[in-house]
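In this document, chain identifiers A, B, C and D correspond to the written order of the chains, with residue numbering beginning at 1 in each.
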Amino acid sequence: MTPGRMEAFSDGVLAILITIMVLELKTPHGTTMSALSPIFPALLTYVLSFIYLGIYWNNHHHMLHLTKRVTGGILWANLHLLFWLSLVPFITGWMGENHFAPLPTAAYGVVLLLAGVAYVILQALIIRDQGPGSPLAAAVGRDLKGKLSAALYAIAIPLAFAGHFLSQGIYVLVALLWLIPDRRIEAHLKS
Amino acid sequence: MTPGRMEAFSDGVLAILITIMVLELKTPHGTTMSALSPIFPALLTYVLSFIYLGIYWNNHHHMLHLTKRVTGGILWANLHLLFWLSLVPFITGWMGENHFAPLPTAAYGVVLLLAGVAYVILQALIIRDQGPGSPLAAAVGRDLKGKLSAALYAIAIPLAFAGHFLSQGIYVLVALLWLIPDRRIEAHLKS
Amino acid sequence: MTPGRMEAFSDGVLAILITIMVLELKTPHGTTMSALSPIFPALLTYVLSFIYLGIYWNNHHHMLHLTKRVTGGILWANLHLLFWLSLVPFITGWMGENHFAPLPTAAYGVVLLLAGVAYVILQALIIRDQGPGSPLAAAVGRDLKGKLSAALYAIAIPLAFAGHFLSQGIYVLVALLWLIPDRRIEAHLKS
Amino acid sequence: MTPGRMEAFSDGVLAILITIMVLELKTPHGTTMSALSPIFPALLTYVLSFIYLGIYWNNHHHMLHLTKRVTGGILWANLHLLFWLSLVPFITGWMGENHFAPLPTAAYGVVLLLAGVAYVILQALIIRDQGPGSPLAAAVGRDLKGKLSAALYAIAIPLAFAGHFLSQGIYVLVALLWLIPDRRIEAHLKS
């Protein structure tokens, strides 16, 4: 299997995930302003998850661009990442419908953390296959952003039970950290 | 990221959006003619949204055909456009189920207006990246059709509360304005 | 727009349609054999619609293989065809849930007839664009199978109110007529 | 039709199937730990089905890589395989919602068995078209793993009524058998 084939499949899954999330936005019952108000938390959560999936799509693309071949391990590490991302619409719906209640807010962080861990595993397998002198290893470096994100998720999960707005704030912060495409890899590609 | 990759992803999202809208058409309860009648407004709204998404798919394709490279800004402006388009099935379902009530009719216009604004932002970023002498800048020109559409949506939104059929009429009118593929770009491609 | 691009988009929509139909199969309430029995008509209808969409995908592919360029008219005729096909999951769900009641059975025939007409319009526009001596014109010939299918649908629609099993039988018959890939075009491709 | 085209369509359907399964995970009613607990069996079933679809995607890709041309029979055998796989989200939802009750557990095995049989039919048609000396025939050999899987499914189906955990264990066992990409074909590709 070529990296192009794996990327096309992943792109397909990500395009579907980013789109079917909208099916979690339930049509309001009624046509008044007050009928619309309960869907605002759902809409805000939808925006956040949309941005997260956009970030994954973008960074995943950059990473596969530097991947030369696909081993069995890489293929399953990629499916493992897609598995955790596939839970995003489900967890988005649960958090949005319940106006950011503590447990769904924590569960949202768990899914983000495990997707992040799956991404790091995939990255490590590709680097191990290519050897330490590979362009991807150089581009990723010590992966400070990845480690910081994981630490922030790990803080946000228990924090949801103390004050869920703190966790929400951390999720927004991590999204902002990644919103900009990975300059490290871009810089490497240019040089 | 190449324009081709971004276009393939956008095509995927648009193909899914145009198709999952049909899931908003709820199966009628019963097998009589009267059981079918409440779905006619939903069906009409579905037809209108199907045409709008078809127009976006077509014009988006023409625009990316004249795009040479994808910057981080262009990538996120494109995801921003897809975000507003992703709300089309949701807003279509709400307007259709409520027989064109004022608030859903106005909300439909808001989504169309913001999708239109997102399209203009994307177009402006591509032109800025290519410089004023680019083929796309020449093809778009003063973008009278784009400005007229935005003005018409802005009129239709408050009008929904006075008489929703007026707003509906404007939405149909704007769709007809764009139904024909953008002759400006086509003319430029031929010359 | 190239025929390849239009085909990729159509393939995407058809792949989604053939797959989301399964969402119309509602999970049975209960775990007994009797809980499963009401979904059998839905399952049978699903099989029939799956075969119809498979036939459209196959014949559409053969037709676009002989298409040299895409005009604005061809593009919208193609979207028109996709529109009617997009109603297949909806109408399949309605007929299947109501155990082949007369009105849903007739409505199923209406959607099949209009999809067939949309296919003939698309075919006619491609042939008109290519001229009478084109390979597609030669391959289609007098299109006896297309005309016969339309006539059979037209008979099956009113017949649903007399005896819905007769209409069902006709739908199965037309599917069998087309199940075999279009030998006329295949024969032409080989020569 | 080229094998590449058929593979792209199949990849699309598999990407959609693996993703829409998550729509069968119903948002929990409530925000307590006890509200979450009924979805654990659904989540476990989802993981199992996700792995099965990943295996099919991977092996299907390897098989089509060794396929030179697509006949009408191969095309319909492929759609036949996709049909059974399309029932996976439905049967996953039914088994997961009912905490592995006997009948849904048996039905899950029936769908897996018929998908396996459809895969073997597709494989046999491709080999017959290529002749006994083809690379695919050499790679598949006596297909011990395929025959063993079918036998295990056939045992698991009646066993669901005796003790459904036994059937579940067999489904997990067969998944583990296939989790590793088909070394036979990979070995052949390398030599």
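One rule holds in what follows: a residue touches a chain if its C-beta (ideal position, glycine included) is under 8 Å from a C-beta of that chain, and two chains touch if they have at least 3 such contacts.
Source: prediction; values computed, not measured.
Both chain B and chain C derive from one sequence, and where they touch, under half of the residue numbers involved are common to the two copies. Distance from chain D peaks, on a Cα-centroid basis, for B. Superposition on CA atoms relates chain A and chain B by a rotation of 90 degrees, given as a multiple of 5.
For the pair chain A and chain D, the distance between C-alpha centroids works out to 27 Å. Look at where the CA atoms of chain B average out and do the same for chain D: the two points lie 38 Å apart. Looking at chain C, residues 8, 12, 16, 20, 23 sit in touch with two or more other chains. Taken as a contact graph, with one node per protein chain and an edge wherever two chains touch, the assembly forms a single closed ring in which every chain touches exactly two others. Here the chains touching each other pair up as A-B, A-D, B-C, C-D. Note for the complex: chain C touches chain B at residues 1, 5, 8-9, 12-13, 16-17, 20, 23-24, 72, 75-76, 79, 82-83, 86-87, 89-90, 93-94, 97-98, 101-104, 107.
Residues of chain D that touch chain A in their complex: 8, 11-12, 14-16, 18-23, 25, 27-28, 31-33, 36, 47, 50, 54, 57-58, 61-62, 179-181, 186.
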